[in-house]
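Supplied in structure tokens, the structure appears directly below.
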Amino acid sequence: MSPAVWFGEVGASLLAMDWTPAIASKLAPTVFPTGQTESAFAERLPLLLRDAVTGSLPEPWRWLANSLIAIVAIIVIFASLFALLTLAERKILGRVQNRPGPNRTGWGGILQPLADGIKMLTKEDIVPAAADRLLHFLAPVVLLALSIVTFAVIPYGRHLVPVELDAAVLYFFAAGAATELAIFMAGWASRNKYSLLAAMRALAQLISYELPLLLAFVPVVMLAGSLATTGIVAAQGGWLGGVLPHWHVLTPPGFAGFVIFMIAALAESNRSPFDLPEAESELIAGHLTEYSGFKYALFFMAEYLGMCALSGMAVTLFLGGWHAPLAALEFIPSYVWFAVKLLALLLGFIWIRATFPRLRIDQLTRLAWKFLVPLALINLLTGGFWVLTTHWTGGMLVVRWAIALVLVVGPFLALGRQFQARYAPRTYRYA
Amino acid sequence: METPEQIQARLAARFPAAAVTLVPNPAPAGMAALLVDAAHARQIAFFLREDPELKLDYCSNATGIDWPEKEIVETTRSTLADPAGGPPRTIEQKTKRIQPGYLEVVYHLYSMARKHGPVILRVRTGNRTDQVTLPSLTPVWRSCEFQEREIYDLFGITFEGHPDLRRLLMWDEFTGHPMRKDYVEPDDYEWEPTPHEEVLEKAKRHYAAPEKEGTP
Amino acid sequence: MTTAFTPTPSGAHVRAVHDPFHGDLLEISMGPHHPSTHGVFRMMVTLDGENVVKLKPVFGYLHRNHEKLGENTSYLGSMPYTDRLDYFCSMTNNWAYALAVEKLAGQPVPERAEYLRVILAELTRLLNHTCLAGFLLQDTGASGTPLMYAFREREKILDLFEALSGSRMMCNYQRFGGCRIDATPAWLAAVRGIVDGYGAFLDEYEELITGNEILLARTQNVGVLSPALAVSAGITGPMLRAAGVDYDLRKVDGYGLYPRFDFRVPLGAHGDTYDRYMVRMLEMRESIGILRQALAAIPDGPIMDPKAKIRGFRPKPGEAYGRIEGPKGEIGFYLISDGTPNPYRYRVRPPSLINLTVLEDLCLGHTLADAVIILGSIDIVLGEVDR
Amino acid sequence: MLGTGLLKGLAVTAKNFVGSFHDPKRYTTVEYPEQPTKLPENYRNFPFLVFDGEQPIDGLRCVACKICEAECPPQCIYIIPDRDEKGRPTKKPKVFDLDVSVCMSCQICVEVCPFDAIKMDQHFEIATADRFNGLLLHREDLAKSDAYYHSIHPTEAAQVDEILAEAKRKAEAKAKPAAPAAPAAVKPPEPPAPAV
């Protein structure tokens, strides 16, 4: 699919949505449910701040101002998170590798992102003579834009969702999948053989991993009965005895879905061990080979933003969104819980990057088609079973868990055995 | 393992047409080398590789040696009886002989199967200028592939039957063979004179001089 | 007539460059400044999609005509240059060269010096194999973590070399007829400390990566080298043993004092990249055993033969070929003396270069990513390849 | 089970992450300019010339015999012997230049010097902006006192002192029966035994 056609489709679908009422109704000053704890003020703080700014505006313009504030807030918060994340990643990688990481700029290296930014901005922007100048310029812009629009539908806290769409999850994955096309644009436009290989790998990866990514969250949709992110979060509210939250990850199909989702998310965000388009030791920098300066920084930013967005979606879908893990901890504002879960997942990404080698492209696609897709399909069955048996109680509850666990673990073990028949540690003989 | 003499005897019996001679090695731990003629070198190499006694399946090292032509001054003394009846005179006669130069390839052969070795095989070219073709032993031992390319590159020995005889270490446009004893370094290996002062100066000296003398 | 080995099988795999059905082949130049060619090495790779159909190595970017330098330098003067061949293994390079000269001149070596040589050679083997494991993992795409662990340990051994010889990498330590500086008891105690801790490091390293499913999938059955081709192509060192050929010069030649030590030679069965990696890991454990024995048995005494000459060394005319089992393979020196202070011919048998002979054979049919790790598992150092 | 290798690897990296905060064996970085490490006694980088006494040039042990110049593998030493007004050699170097951009720190000059006049330095912070003259060290830059030599290589210097004292005693014993004023007849002592 050419980028132009694709843009047409996405644009059309976005235009086709009925925007105004959704935004106007959902973002209007909110009525809080009664029975809030005493921290309601902290809980309400972001919205109160927003209303303080926009309250004086005439009613017809308020929704526009509210959206603008949401956009600015997302860009500011996640851009600074990106800056901190680059530093945190380098620091953590450093510590894992028994070295301090960047520590020369500022206090303990805290100004390193700033220094990197200044360096990137002041570097010469080089476009190869043979490159397609327009696409070469567009690729980072498109990539970043698509990464940012995915943030629109994530509920960051109680009533903190910029755009409340009924098919929010679909919108999220449509926008997220398009980032790979931007990578393809970059690789193609650079007119570099390494970049071209990277572009091809990016497409192969897109096609392979979009499917498990989408299949992985279908059980969640079945459990929650909603495609809206707010609905999915709402379905995860409440605790069993005030201790055990109703998060989807704590159900067998949800857990399997979570693992598949995270593996696919690693691949979607081109992170190690699936950083094949960027494979430094093979393709130098892949699609980034011919980029320098600010454009390179945009790519970098988009990669991290994509990672944040996917983590945010994982939190929303599986980890209970902004819900606190214990009923007793509910006094902490919901957006703090969301941030904590998000950061935990991001740390997981960094941890995985620090440990694993990279897969090969054929193994990558094989993993998707022969391992993740079958597991995700079986997981649909598990999800269906779990939904159908919600009314089972007592002794039947044990049966329900047992059957679900067998459905989750059995296929995993069976497929894993296939792998182990092919690849296993060996014993060696001595002369 | 058999001694070089035994191997020589067996080779002589097996290949009567081939000239196999022993080259002694005066070093304390040295062993003599087998000098074989170029025409039979590959046959002999195959024989050495396949012979069940020797099984020299591993060519560890292949290298070239340049032996430029040498002027050998030989002094012969002859005693002449004086016809006048005086004491006999000793006449020293110095004859100059030019020993022709040649290039030589040395192969160090071992056996991995029988874990013995080395057998040293030498092959010589006719001279250093136009008869520099030797049979390649790459078809016998694959390990010679890069080593013979290196010899071709640095010594200028052409190996007949080598699958891919190109320069190995020097670039393709390079002329000359740096490991030869009479190789003269150019002023500058780069084709264009670089701004480096010393190089420029050298280049000036080199290129201006012939004009002064009127020679091209 | 017996069978000749087919030269390079690349021709069979290459189809027409312009194939209307499959599309064009992609020819890319990997190197000389590619991140994973281990220096200034270049491969002209022809790709069909991502599959390698042709691969031609290009050498010489680091060529300095080491052999000509050797012919124009005295015997002693070549010793520091041997450090710069394979700059990871200067101690074994020194030893190989010293061995060749000692063979040429019939020079004996005192026992303590032989022990020191064994200790240093085995430390070099640990150093080299550790680094290789790190580099190989780096080539497979691990973000530097195994490499950093490897370098953490390597640093300890380099500190030992520095404390003994004065330099971390360019040791220039061996002399004809002995060693340059005697090891103090404190140094030997430091070696013991490092050797005792090395097993734990290897355990941790193997736990980190050896059982890793990604590594297994990436390296097993990749770049399979058959024993017949390995022998014919003169492959030596761990790469040969990974192909299942039992040929270790420490056992075969028994140079130095190796016959005194009890150690085993690990052999691979498949000859693939994983075997090449594992054989090195196992060799390191054997090296630790040798080091323990050597450190326990090292006697007192002189480290230099009293008759050895530092200055004005002129061996009698003759020639000698000395080879030892370096960490990368058989490193040999072939010297011809004509009685002058400089060797008439000074030849290095570079294991890295000759091990590269089979690079194309190993890579054909695999992907570009495999070519990178196959190159990594061959273990080359360009200082030695190009000389 | 599939994935155990991956989990084990994650455990190892986690262990190292935590270990790098409290275990000095894991956290091995030395931050160089702030934390100087102690160099081992045998550490070497570039040669210097030892002088006895107070006068750097007059006290040089070097007698300009040019052995090191001949033996230096990369040919980085350049010596012109000094001559007095009558043209006789004064056994001092007039020019002793050492190009550290060429020198490869091999220590062969030290090994071949029969007078223990040239030794290896440990001063390594010699970066300069002038790559031609800044890296060409002259006699004046190279001359360093015997006390400095003792401070960087104490063990080796003590041995050298013994050897020199021995040589001096021998020379005196030899010079007594012969003409007393013949310092030129001092035989070069044997090359020093390799230091510990």
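To keep things simple, chains are lettered A, B, C and D as they appear, and every chain counts its residues starting from 1.
Keep this in mind: contacts are C-beta pairs under 8 Å (C-beta built on N, C-alpha and C of every residue); 3 or more make two chains touch, one makes a residue touch a chain.
Note that the coordinates shown come from a computational prediction; the quantities given were computed from them, not determined experimentally.
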Review point. Among the chains, which one keeps its Cα centre farthest from the Cα centre of chain B?
Key: A
Point to revise | Central chain (by mean CA position) | key: C
Point to revise | Contact-richer chain pair (by C-beta pairs counted) among A-C and C-D | key: A-C
Check your understanding: Once you find the CA centre of chain A and the CA centre of chain C, what distance in Å lies between them?
Key -> 45
Exercise for review: For chain A and chain B, let me know how many angstrom lie between their CA-based centres, rounded off.
Suggested key: 68
Check your understanding: Cα centroid separation between chain B and chain D, in whole Å?
Key -> 42
Review point. Between chain C and chain D, what is the separation of their C-alpha centroids in Å?
Key: 31
Review point. Chain D: which residues touch two or more other chains?
Key: 2-3, 6, 9, 12-13, 16, 26, 28
Review point. Which residue numbers or ranges of chain C touch two or more of the other chains?
Key: 145, 149, 152, 208-216
Revision key, fill the gap. Among all residues of chain A, those touching at least two other chains are 96-99, 354-356, 419
Check your understanding: Which of the chains touch, listed as pairs?
Key -> A-C, A-D, B-C, C-D
Review point. In their shared complex, at which residues does chain C touch chain D?
Key: 73-74, 76-81, 84, 145, 149, 152, 155, 159, 162-167, 170, 172, 179-182, 184, 204, 207-216, 303-304, 310-311
**Study point:** Residue ranges of chain A in contact with chain D within the complex
**Key:** 92, 95-100, 103, 351-352, 354-356, 412-413, 415-417, 419-420
Point to revise | chain B-facing residues of chain C, complex | key: 1-2, 4-5, 7-8, 59-60, 63, 65, 67-68, 103-106, 229, 231-236, 245, 247, 252, 315-321, 323, 330, 332, 334, 336-337, 345, 347, 349, 353-354, 356-358, 386-387
Check your understanding: Once bound in the complex, which stretches of chain A touch chain C?
Key -> 93, 96-99, 193-194, 196-197, 200-201, 272-273, 275, 279-284, 353-363, 419, 422-426, 428-431
Point to revise | Residues of chain C touching chain A in the complex | key: 26, 28, 34-36, 47, 49-50, 137-145, 148-149, 152, 208-218, 220, 241, 246, 248, 251, 264-270, 274-275, 278-279, 282, 367-370, 372
